[in-house]
Each structure stands twice: as C-alpha cells, then as structure tokens.
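Same chain, two partners: chain A is paired with chain B first, then with chain C.
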Partner chain A sequence: MRRYAYAIPYWLWIGLFVVAPIILIIYYSFFDIEGHFSLVNYQTFFTPVYLRMTVNSFWYAFLITACSLLIAYPTAYLLTKTKHKQLWLLLIILPTWVNLLLKAYAFLGLFGTYGAVNALFETIGIGTKQLLFTDFSFVFVSVYIFIPFMILPIFNALEKLNPSLIDASRDLGASEWTTFRRVIFPLTLDGVKAGCQAVFIPSLSLFMLTRLIAGNRVITLGTAVEQHFLVTQNWGMGATIAVFLMIAMAGIMALTGNRKWGVRQ
Partner chain B sequence: MDDRVIIRFDHVTKQYDDDLPVLDDVSFEMERGKFYTLLGPSGCGKTTILRLIAGFIEPTKGDIYFHGKRMNNVPANKRQVNTVFQDYALFPHLNVFENVAFGLRIKKVPKVDIERKVKEALRFVNLEGYEQRAIHEMSGGQRQRVAIARAIVNEPDVLLLDEPLSALDLKLRTEMQYELRELQRRLGITFIFVTHDQEEALAMSDEIFVLNKGKIEQRGTPKDIYDEPVNRFVADFIGESNIITGTMIDDFVVEFANQRFTCIDRGFAKNEQVDIVIRPEDLELTTVERGKLRVRVDSVLFRGVHYELCCYDAYGNEWLVHSTKKAEIGEEIGLHFEPEAIHVMKRNGGE
Partner chain C sequence: MKKILSLFLLVWLIAFSLLYVTKTIESSKGYGGANTLTIYNWGDYIDPALIKKFEKETGFKVIYQTFDSNEAMMTKIAQGGTTFDVAVPSEYAISKMKEEGLLLPIDHSKIPNLRYIDKRFLDLSFDPGNEYSIPYFWGTVGIVYNRALLGGKEITSWNDLWDPSFKNQILLVDGAREIMGMALNSLHYSLNDTNKTHLQQAKQKLDALTPNVKAIVGDEIKMLLANEEAAIGIVWSGDAAEMMWENERLDYVIPKEGTNLWFDNMVIPKTAKNIEGAHQFINFMLDPKNAAQNAEYVGYSTPNKKALEYLPKEMVEDERFYPSEQLASKLEVYENLGKNMLAYYNELFLQFKMHRK
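Presenting the complex of A and B:
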C-alpha cells in the first residue's frame, strides 16, 4: 500500500495544522473565563453587543468586496487588452509581497493630518480633512490590500474566454454591452466567485487595520477575537467568536463555490 | 448598377501596422443566392475577407458595399450577415435552444415566434429533439449543425462559413459538404465559404476565388479553375498536376520536352516562354510506339481508385500519371494525351 504511504505527509499536515487547531478552538469555546466548562460564551455571543459586531463585520466585508469587484473587473478586463499584460499583472501582484503592516503604516503617513494627501488638498484649496480613523479610509485601505486577490481570478477567467465567442455574439446582433451582459460576464462568473471568496472571507476577520486605520471606530469580529485573546485574556469567548467566523466562512464557501462540489463537467 | 450584386469590394486593402498587407487592393463582386468559395493556403487573406464582410475588422483602404451601400464603419451587430465559426463558438453556458435563440432574443422577437423559428432551424439541420442538450454533450458534427442553425435562424442575406468542416473527420466532412450545398439551395441565400481544401471547393461552389498573398489569383466556376488555371500557383493549388516549362512556337503549336505538339491555345507572342499544365488523369498509359511522350516509370502507388505513377522523361521532367492500368517500375512506357489536355499559361501571371 505504497500509495497510502505517500499520502502520510499530507494527512500529517492536515491533522496538525488544520484539524487540530479547529478542535482546539471548539474545545476552548466551551470554557468560561474562570476555566469552568459552560455554554456561557455561546449565550454571550447572542447578546446585542456581539450581534451588532457580527452585522458590522458582514457589512464592512460586503462593502470591501463590492468595491474591490467594481474596480477589479474593469481593471482585469482592460488588462487582457493591453500589450504587455504579464508586466502589468506583475505590477498589480507586487504589492502583495509587501508586509500588510508596512502598507498600513504607509497609509498612516499618507492619510495623516500632515500627510501627502492633505498637503495636496491644501494646495488645490479643499483644505485639510480628517482622513484617518474614518470608515472611508478603512474601506479604502482594505480594498487596496485585497484588490489583487480579486483581479487575479477575474483576469484568468477573462484570459480563458474564447475570443470568437465575443465575435459570435456581435455577429448575432448583440451590442458591446449586451455581449458583456449575456456572454462575457456569465462565462467569467467563476472567476468573480473565486475573487469574492478571496476577499470576503479574510475581510470578515480583519483586525489590525481596524485599529491602525479605523482607530477602533470599526469593531469587527476579528478585532474582538484579538482583544479577547491578547487583552481581556478571555480565550473561551475569543474561541467562540472564532467558531462563528468559521461557520460563516464555510457558509460562504458553500454558497460561492458550488461548482467545485456540485456536478462535475 | 446590377441589383443582383449583394457584396462589392472596391480596392480594399487591409494592413496591420507596417507589415505586408494581408489583403492587397482587392476588388470583386458577389451575387445574391450563389455559393462562393474563398480558396487559398493559410495566410492568403481569405479569412480576412470574411472578417471584413462580417464587420469584425475595418479595411485600411478601399470600400465595402452591401446592396450598393457603403458598409465600412457599420459594426458587426448591425449587418445582415451571420457567421459559422471555425471552432463553432457556441456559448458553453447556454443549451442548444438558447444558443440558437440568442440572435432572436437580442432582436426582441416575440416568445412564440422564437420558439417556432428555433424549432424550424433545428429541423433544418436535422437536430430536432436536441433543444435541451448542453453544448458539451454534443458531438463535433452536431455542434457544427447547431452553429449553422444559430446563424440561419436570423435569416441573413449572406452566410459566412469559416473553414467549418476542418475539425470533422473525413466521412463526416464529405457528408456535410452535401448537406451544406443542399442547405444553400433550399435557403437560396448567398454562402461564402472559406477553405484551404481544393476538393471541398470544387465539390460545393458555384464560383471559386483562388487567393494567394492577399491577392485574387483567379475567380471562376470550379470547372474553369480546374481546366484553365491562369498560372502555376492556381494549377498547383487546385489539384495535382504536371507543370513544365515550354515555348509557344506559334498559335496552336507548343514545344515542350523537346517535341512540338498541337494544342488549342493561341494569342501568345511567337516563341514566348510559357508554363504547360497537363492533369495526371489526362495522361493515358500506352505502348512506347503509340505514345506522344516516352517516359520511364520511377514509382507506383496504389491509390484505391487508380494507380499513381511517377515517371521521368529523357529531359528530366517529372510526369505524374493517374491510371487504372498498372505499370512496372523501370518499365519504358508511352503517354498519350489529347490536344485539349494541354493547358498553356503565361509565366507569372494571368492568361
């Protein structure tokens, strides 16, 4: 049974780094702050404070995903039309190699009261604005960080699209817009879904940006998990929130990725 | 102007950047209800003509007229022309019915009419009952038919076919040749068929345009083109043939292989250098004494319908012979042919 022997590293990896942590999180979620076994954390989660936080998280994740999609789709589309598309694509991917924290700090400098953006506003006569610690800057920076993950799958889907399908649609009388609506978009939907997954799921549990860019004005489930583990030391509650986050993610995966588990083509 | 003319190209040139033109100052007219074939090797510009007619590209120079109206800047979706693509270009996310209905839905045809027309079009291509199939469940030949149905359901004036049979196997291809020809007769619309397969062109067309390097070398009926090729390129491309150099001694007298022969061509200058074409099937195997030419058999291939003999005469000219009679390798034989079998062509150019 050598075939199974080759699979051992895989199963070890899955066991150690995927299954075990999940079991641990579920295990911790059943202990209150004093270390007694109880369901109190689950009760707490369904109080208005946490429910509002959940709604907040979903709302911001939705905003970030929607903005990314709106910018990423046209960008990816234009990218497929350019001459040196691989170069442009590389330039878009490049920022993902830079540490998230560094990028966040860069924006602190740019958006600060004496930052470059405000200096520009001053010169063109708009005047200094409070940019940091607003919902806007939070969504803006998040979109900036996540957008490559949205562009890439859409770009790939557009690249795979047979160009004669577009000719065929035009040939049959469809205008450019109709061609997009009835042929291009439906055929790149898988790329859009993959992109939405890659943006929505991580933005659901964003935490560092909420503090650095949004100045704790935006409190999401991710922030709550971080605070419970590092500040209040209430591991049980943090784990409980993590359990709900995982359930939400699984739900999204099932919703957007139905192709992978559905009927094979 | 003759109102039978449906498409007119007036000195059309298509050039990309500073490359050599793909289509070089081409002018022609096409009539309503005929089956045209654009024939030529890859890169000769035949697909470019098709794409210009469809409206996917615009000419660099010159004008294109439909029904006498200039169409240069009219986009593809506003032209009364439909295309059957080489790779069929069927929409993979739609089933057979929706693929065929695509054009009608865009034109906002009432639902009842769509239902009726799509059914009719599918019956036309013998695909009744396949409405709900997904495209990936269809075979190559069936996809081909869906593509044809999708085009003809829009009742175009002109149907463009871009090498639609090249992806099919030989048997299916021959079958589809008959069907396409039959379909064209029944619909009565103009078909413009692009191919690099000369047999396909000869079998199906009312008229053939032979293209080479962005220019039309010759246009005419299949018989014209086959029997009276204007130059070496056409003669070579349209079928296997013996092309040798010769001299036109006088009207009706030509010299090649160091002998003089009577022929039926005239109008050349005295002692003009010419190319001579004799089709392999026009050469008849006979004894050395009775033959007009004396050759030695170099190789024999059995081709099913006939033997293909490759022979050489004393001057090193190669003679390809199609014969139902067999000859031995190394044997000296005679070749007989009629004066009509000799086709005389000007060197590098038209007749």
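Presenting the complex of A and C:
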C-alpha cells in the first residue's frame, strides 16, 4: 500500500500535465469555429493545403535531423577521444542556456545583407549572398539549435561502448571501416535513435524560426497551430493539427523506440 | 531536513515582508488614490511637458506607465493588480476589451473638447457613438521605400509593387488583414470585403506578388528596413515614422488606391479609481493647443481638427501623414468581420504564404 502512496504525486503529475492536456486537445478538435460539435476540422485537414503543409513539415524536419546526425556523430566520436571531455561537452551544452529567440535574433544580424557573414564573403571574394529568408538559413539555424540534443545521446552511447570489443574486432582483422560499420555503429544505434527523436519531434512543430529566419517562406504545421490559436482564434482547427502532430510523433517514437518492450530480456 | 525547512520559511518571510513594504510605499506615495492619476500608454507617446502642465492645472499627481503591445496591456488590465485610470489601446483591442467588459463608459458631458475632433474620426464601427473611447492619434497602412536603393524610382500605388524590377525587394508585415487589405485595395475593392470571389481574386493577385516578396515578418520589419535589408516594406505609418527617423533614405507613401485607417484611443479601463480625473485628463488632451503640442512632440497624426491650426505648416501639409481630403476619403477602418470571415482571411493569407516562388 505504501508503495502506491509514494507514486501518487507522479500519477497526479501525469494526469494533470500529460493526460488531461491530450484529452483537452482531442476534445477541442471536434469543435468548429462557432463552437458547434463537428468533424469539419478533420475534413479541412485532408485538403491539399494542409496535406502539403504536413509534407513540408516532415521534409524540413527530416533535413534538420539528417544534417544534425551527419555532424553530430563524428563530433561525438571525436569527443570521446579528447582529453578534456567534460570541458568540451560543457562547451557544446552551453549554447542551450541561451534563449532560443535571442539566438534567432543574433542570426538575423549575422546573416543580414550587411551582416558579419556577408562581410566575410565580400572580403574573400565570394560576394554578398542572400542568406536570410532562405531554406538554407532555416535548416542551418535549426541544426545549430538542435545539435546538442543529438550529440549528447550519441556521446553517451559511445562512452558506454566497451573498448575491448573494438580491440577484438581489430585483432580479428577487421578494417577501421568494417569495425565502425559492424561493431561501433550498431552498438550505438540506441543513442542515434534517441538523438533523432530529440531532434525530429520538436523540429516537426517549429514555429518562431519559420518567421524570424525563414521569413514565413517555410510554413510548417507549427506555424499553422500558432496562427489558429493566437490570430484566427479557431482553437478547433489548431487542436486538430496538434492531434495529427501527436499521432506523427507517436509513430516516430514507435518506429525508433526500443523494441524491447514486448520481449522479456 | 530542518535546515531546508527553516530556509524555506526564511524565503517566505522575506518575500512577504517585501510585498508589505512595497504596498506601504505605494499607498504612502498615493498610488491609486483620489489625488493621483495613472496613465497607461505606449512608450514615448506623450509630451512630458503636457503631463507637468496637467498636474499644475488640476493638482493631480500623474503616474505614467508604459506598455509595448496591446496584448500585454490587455492582460495587465484584465488582471487588475494596478489601478490604471486612462489607457491608450488600438482600435481592434478596443472591440476585444469591450466584449470582455474591461472598459468603463465615458461621460461625454465631461469632455466638452470632444467638439474639436474631426467628425471623420468619430462614431466608427469599433465603438459606435464613442461610448468607450476617444481618438488619440491615427495613422495608415502604407509603403515605406528606400529612394536610394530603388535608384530614384517613385512608388505611388499598391499596384506599383507588382513591378518585376522589384524582385525579392519587398518585406510584408505578418498580418492577414493588412496584406489581404492591400491586395483588395489594389483591385479597388473595400478592405472589409466579404465577397468570397473578390477575396479569391485578391489571393491570386498576392500569389503573383510572390517573386517580389523577400519575407513576411513581424516587428523585426522596422530593424530590417532601417538596415536596408530590403528596399520596400508594407508597414503602419507609425512604424514608418520611426524608421524614417533612423534612416533618412526612407520615404513613406499612402497608396493612391486607398488603404486602412487605424486609431489609438483613450479609454477608461475598469481598474480606474480616479474616474473624475480620467475625464479631466482626456478633456485636457483634446484641448487644441495641447493636442498640437503633443502631435508635434510625438510625430503622429492628430485627429483634432482645431489643433491643426497650431501645428507648423510643413507638418500639416505633409500628405504622407495628413493625406489630402481626396485621398482621405479612400481610407477605411477595419470592421469587425466576425470570426468566420476573419478565419477565411487568415486561411487565404496562409495559402499565400505557402505559395512558393
């Protein structure tokens, strides 16, 4: 009995801040703008506008995740080889202490026509380029913001890796590449999965960056949710999009999650 | 455990005693009392000399507090922690505040100077009969452009924006009403149009503008245009005036097809304690000489007809901020189109945003 008593705060927490909000969102999604019960929001979602928006969101989230992974894996790998691991790790985590909006505004200055990056381009002879409000800058800034969340789980997985396995692989004559492909990568796959979840899921519903960095040239589902709740006051439609986002996220979790759930170890 | 508990108690004790101290300071300074008048306004939106003059004339002590968005102002008034006697929201905020019961009616018999206000600016759809609000300043939505960057090209109308030579040069403000309104005006429709065929036409016209649009942004537009990130911007005249102070190469134009007319208005929020003083203050600000002095300091357009006589000629004759009668007749105030129509406007605006080059 006592054991259950200790669990009460956690159940309360989950009930109030996880279950209740989800139920509320699903509940709201069944009401149209006039407050009548209807399925019209779901109908609207399956129109070309929102379907294209969904495809867009997935595409950009995929790009962001892929770029993060490509940069994060080697970084994490090199990190495990360095002397002052904790210091380097701290330096990677440090930017996450700065507010996201502040960082976005900083990029507005850096990427501007007369910003630091273009000044550099000018001096090395590339010439001024339009950086702000392009797909490139959007993906770049998003990767910059999310990359610590990719590096950390991969770093942890690499740290946990038993070095004698690598030695064994080499002793048995495997090349560096084979060792990586057949030993290191499969054994750190859990870290990669966790990192992908931590990046893909929030980037699916990014919204402030789409305006600040992409100048509303990139419209994701997150942007639409924000608009429906704050501007249009069509909470039903906003909630409906949120429901689909949740379904998508649950799908991703299932896809990348540990398959150990069903199987007893 | 005991240590934590005593620390906890200490923090609580300090917090409460600080709360008590601020309360006593506030009341000793006479915050919210009968002798003070708390004004809640946008930053730098009144001539401080006028506040001094008002204090001298009436003996009230004025406390001036500022906000930087209508939303922030509404939240603070809705919470009701501070006694604001006069506030200055924009017109769309007034309809919202009215609906939520955040405003007290204004007694017109106590504001004789109301007769100086231009009739054009009274009895508008957001507050019929000016039951709750009195106009303070007004302005338009128009085009800011950088003469130097455009190489001396003149812009006079909305339709000029579709010029192919302005490729990737236009920044739009992120507002469905503003941008849809611009497209509707460019087609010579009303910006309160509710005819769906007209709205579809407007959306198609916007799609055609896409190659010229660099970005659709929020408040950053002021900084971006002042930094010459783009040559053209669709903005509110108030923002335009601010940008023009920062960058002299910028010019503002009210498009000849007509555009939106907006207002900031004085209201008495329900938090008011000094209702008598609030009326006196509103009346004081409507005095033509005071209104002129204020308009000269702030740089926005005054709705006070009589005050124009006291303003420098070059200011009143500046058609960018005091449009001619002929142009003024084409200005429209946003009507409350209802939730459904507003949603439709936003839906079309969203589709326009998704239209790729």
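Note that the second predicted complex is superposed on the first by the 260 of 265 C-alpha atoms of A that agree within 3 Å, B and C clash if a C-alpha of one lies under 4 Å from a C-alpha of the other, contacts with A are read in each partner's own complex, and residues count from 1 in each chain.
Please note the rule applied: contacts are C-beta pairs under 8 Å (C-beta built on N, C-alpha and C of every residue); 3 or more make two chains touch, one makes a residue touch a chain.
Quick caveat: nothing in here was measured; it's all calculated off a predicted structure.
**Student:** Please tell me, clash or fit, for chain B and chain C sharing chain A in the overlay.
**Tutor:** Fit.
**Student:** State whether chain B or chain C is in contact with more residues of chain A in the superposed arrangement.
**Tutor:** C
**Student:** Quick one: classify A:L187 as touching chain B (first), chain C (second), both or neither.
**Tutor:** The answer is first: A:L187 touches chain B but not chain C.
**Student:** Between chain B (first) and chain C (second), which does A:R170 come into contact with in this model arrangement: first, second, both, or neither?
**Tutor:** Only chain B is touched by A:R170; chain C is not.
**Student:** Is A:G215 touching anything from chain B or chain C once the two structures are fitted on A? First, second, both or neither.
**Tutor:** second
**Student:** Quick one: is A:T178 in contact with chain B, with chain C, with both, or with neither? Answer first, second, both or neither.
**Tutor:** first
**Student:** Under the superposition described above, what is the C-alpha centre angle at chain A formed with chain B and chain C, rounded in steps of 10 degrees?
**Tutor:** That angle rounds to 150 degrees.
**Student:** With the two structures laid over each other on chain A, which partner does A:N162 touch: chain B (first), chain C (second), both, or neither?
**Tutor:** A:N162: touches chain B, not chain C.
**Student:** Using only CA atoms and the superposition described at the top, report the least gap between chain B and chain C in Å.
**Tutor:** Minimum C-alpha separation, chain B to chain C, in the superposed model is 44 Å.
**Student:** Taking the two structures together, which residues of chain A meet both chain B and chain C?
**Tutor:** Common interface on chain A, chain B vs chain C: nothing in common.
**Student:** Show me the residue ranges of chain C that touch chain A in the complex, using the header's touch definition.
**Tutor:** Spelled out, the residues of chain C in touch with chain A are 168, 171, 174, 176, 214-218, 220, 223-224, 227-229, 339-340, 342-343, 346-347, 350-351, 353-354, 356.
**Student:** In their complex, what parts of chain B are in touch with chain A?
**Tutor:** Per the touch definition, chain B meets chain A at residues 54-56, 75-78, 81-83, 85-87, 89-93, 102-103, 106-107, 136, 150-151, 154.
**Student:** How about chain A: which of its residues touch chain B in the complex?
**Tutor:** On the chain A side, the touching residues are 162, 164-165, 167-175, 178, 182-183, 186-187, 265.
**Student:** Along chain A, where are the residues that touch chain C in the complex?
**Tutor:** Those in contact with chain C are residues 33-34, 49, 52-53, 56, 105, 108, 112-114, 130, 132-133, 211-212, 214-217, 219, 224, 227, 231-234, 237.
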